[in-house]
Amino acid sequence: MKEIYLDNNATTKVDEAVFEEMRPYFCELYGNPSSMHFFGGQVQQKVDEARKRVAALLGASPDEIIFTACGTESDNAAIRSALEVFPEKRHVITSRVEHPAVLTQCRNLTQKGYRVTEIGVDSEGQLDMAELKAAVDADTAIVSLMYANNETGVIFPIEEAAAIVKAKGALFHTDAVQAVGKVPINLAASKIDLLSLSGHKLHAPKGIGVLYLRRGTPFRPFMVGGHQEKSRRAGTENAAAIIALGKACELAGQNMAIENSQVKALRDRLQTELMARIPHARINGGAAERLPNTVNIAFEFVEGEAILLLLNELGICASSGSACTSGSLEPSHVLRAMGVPFTCAHGSIRFSLSRYTTAGEIDTVIRELPPIIAHLRQMSPFGREFLKK
Amino acid sequence: MKEIYLDNNATTKVDEAVFEEMRPYFCELYGNPSSMHFFGGQVQQKVDEARKRVAALLGASPDEIIFTACGTESDNAAIRSALEVFPEKRHVITSRVEHPAVLTQCRNLTQKGYRVTEIGVDSEGQLDMAELKAAVDADTAIVSLMYANNETGVIFPIEEAAAIVKAKGALFHTDAVQAVGKVPINLAASKIDLLSLSGHKLHAPKGIGVLYLRRGTPFRPFMVGGHQEKSRRAGTENAAAIIALGKACELAGQNMAIENSQVKALRDRLQTELMARIPHARINGGAAERLPNTVNIAFEFVEGEAILLLLNELGICASSGSACTSGSLEPSHVLRAMGVPFTCAHGSIRFSLSRYTTAGEIDTVIRELPPIIAHLRQMSPFGREFLKK
Amino acid sequence: MWDYTPTVKEHFLNPRNVGDIPDADAVGEVGSLACGDALKLYLKLDDDKDKIVDAKFQTFGCASAIASSSALTEMVKGKTLDEALAISNQDIAEFLGGLPEEKMHCSVMGQEALEVAIAKYRGHEVKPHDHDHDHGPAYPDQEGTIVCKCFGI
């Protein structure tokens, strides 16, 4: 069965050009970039080139780019660093809808005596800026707010938030794992101190991430050992993956327009058609500014896993909540924070497209999903009651 | 120029079979293993298979294997976990010759009020067991001792050390990054609680490691976020690299005999011939039990970086613990801990072989190195004096 | 691996003026085996004892140290002692087309050896030089700039 892959916020296909770029660095040019011989040195040059490419996509300078193993590591590193840099500050701010890579870390801090404020969102998933403004104070070490939400695609007004935070002397970190490559980011003209991205969300392989660290920002490394990455992240450089990420960032820059035209048009058609064909459905965060590739729809009276598995039977890959929290019984913390009623939250499905998504694939979903929802509602006690009316 | 690669303790070539095994998981089977659809599920199965293969090489059970990003992460995770598990214990033990991934971390702890004991080694690089015995007490949270040294190849009596440590109730961690695949390890019949390995040292790619965690050992995750790896290590699973590591471990098991016969024979010939042809040289740790692939030779009156660069001109890749490769003042902490005189420490070169090393390559080094040493000694004020005599 | 310029490589692979001058007018020696770098510099002056007509060196050290020594001996030839004294380690690095930041200290030795040689020749007191030049911090400062590059690989 050929998959129809609409789960690009979970992970993406490695671009063939990205694969070709990294391919020689496994079996042929496998040297350690830090070695004292030409065989490592030639890899170092490619790593430097990759660093420049990543920096170019972000409007950053190459020495502000620290390669990590993934988005989670970047998030963990950013927050831990701030706490070590400001040992006297005992307050951390984040939002209720962050990815677990930020949220779990922050919640763990309450056990260590930190004050942790989780800023709320409105029913469209938009950040409560007044609450943020009221929360930052001189005791705040770091504020970590995501650029765009992985479940709903809702985009936070990050620059505005950063300005508020910087005015109070706290560090500002943004988890931009879902935003990079989908919306333009120019760190040169920004107040963001730290930013996380993850390669496998933008057609680079899994296992590579970046922590952007603004020049001059105090920092303590998370992973300690050798002096790689200018002593900011120890461990042998994952050269092949770094080189791949460099290429992926170059391509992301070139494809940004496509994400915001072609991909967005397909996403828009998907949501419009599904909303037209399926009653009692709503787009979570539908009225907010969103990523061009993401739509999260709540279908009342049915349950997400059942929808997913029936879609799966047809080769259609989507998700409910985030991949890493699945298996838990509670509906997504993001939808709960938005106040989405339980009846809807349980039946919410996220479709996330990419530049590989075709119109034909979208047509298939538009055709196949309505009968699946109808079928499940037919089976559901609440659904049947509703259908009777 | 075709390289003669004798720097396998720095990193290794990815085995072609390993590459083939992981190759489909970039552009075709790129699903997220934790996803709710068949497209991710099929990757999950391969990840499980890889976990079994890694476990088989170590004599461990699959649920004791936690995939990490590298050896450094595994080392960091092991030590940090022990401190969180035993917040009341304020003592940590390691050795003076550990890799920076362990040593830096331990030294940082002294600033946080921990007592850190660094066990010394004798002139052959062998661990002082009496010192270890005297150092462990009820306050010791963890003892971290490397299985085999990356610079000299000297193997520590790890099982004996583990027995001493476990008798006192501390956790025992070993950095086996250089040992796995070169010497047999059977964790089923061992007292080791935690063990680190790194894929790129055994013909898997860079960017993948393992932390072995004995069943029942208390643990706190280092990287927090999603529930991957049974909530013991967050972050999207690096599926391709995990699958590659599984294959590499399978091959390592099959090639263990070769490492200890063919590779060892080449290493022995290299060291015997170089010692016969070059006066005033000594093998660092030569009298100790060593890894079959490693030899570290000190050449008096000359400096390591100069040797390396002249070898490099001939395509020969090796490494040195010389300060001058690092631009720092002090030579390798390992050689200093062994009491190697500064005159020798600066001119120490490590050759590390692999199953890809050929007899012809070894012949080339045996032929080319003696004149290089003679040339540099001719240029060195100390060398000239010595040559006059 | 260090980013050495072609000139550094050339002077390392084919060092000029290696050796000694048995009837040297001035000899300067800095560093020691223990330090990991040492340099012995010989100068021969013209009949007026003013201009340097020949220079030779012996170096124990890394590629930068060898190349710096070689460069220095080329630079001083034909210079008066006072002109030679004006040569700074930056000048040596410049002559080589630059040195990596972490390796700048390797060129200091050349300048020091020259100072010692000339001072001794002129009968001035020589302050002991070995081991007093700054190799910089091995660990990063707040800004994250580092000098040391030991990766423990």
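In this document, chain identifiers A, B and C correspond to the written order of the chains, with residue numbering beginning at 1 in each.
Basically, a residue touches a chain if its C-beta (ideal position, glycine included) is under 8 Å from a C-beta of that chain, and two chains touch if they have at least 3 such contacts.
As the structure is a prediction and not an experimental result, all values here were calculated from the model.
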Review point. Using CA atom means as chain centres, which chain is nearest the centre of all the protein shown?
Key: B
**Study point:** Maximum centroid distance from subunit C, chain identifier (CA atoms)
**Key:** A
**Study point:** Centroid spacing, where centroids are CA-atom means, of subunit A and subunit B in whole angstrom
**Key:** 34
Study note, to complete from the structure: Between the Cα centroids of subunit A and subunit C the separation in whole angstrom comes to 53
**Study point:** Residues of subunit A whose C-beta touches two or more other chains
**Key:** 32, 34-38, 40, 225-227, 236
Point to revise | Per-residue multi-chain contacts in subunit C, two or more chains | key: 148-153
Exercise for review: Note which residues of subunit C are touching subunit A in the complex, please.
Suggested key: 1-2, 139-140, 142-146, 148-153
Review point. How about subunit C: which of its residues touch subunit B in the complex?
Key: 12-13, 15, 18, 20, 29, 33-40, 58-63, 65-66, 100, 102-103, 105-106, 135, 138, 147-153
Check your understanding: Which subunit B residues qualify as touching subunit A in the complex?
Key -> 1, 3, 5, 7, 10-16, 19, 26-27, 30-32, 34-40, 69-73, 75-76, 99-102, 104-105, 108, 198, 200, 205-208, 223-228, 234-241, 305, 308-309, 311-312, 315-320, 325
**Study point:** Of all residues in subunit B, those that touch subunit C in their complex
**Key:** 9-11, 99-101, 150, 301-306, 309-310, 313, 319, 322-331, 342-343, 346, 378-384
Check your understanding: So in the complex, which bits of subunit A are touching subunit C?
Key -> 32, 34-38, 40-41, 44, 213, 215-216, 218-219, 225-228, 230-232, 236
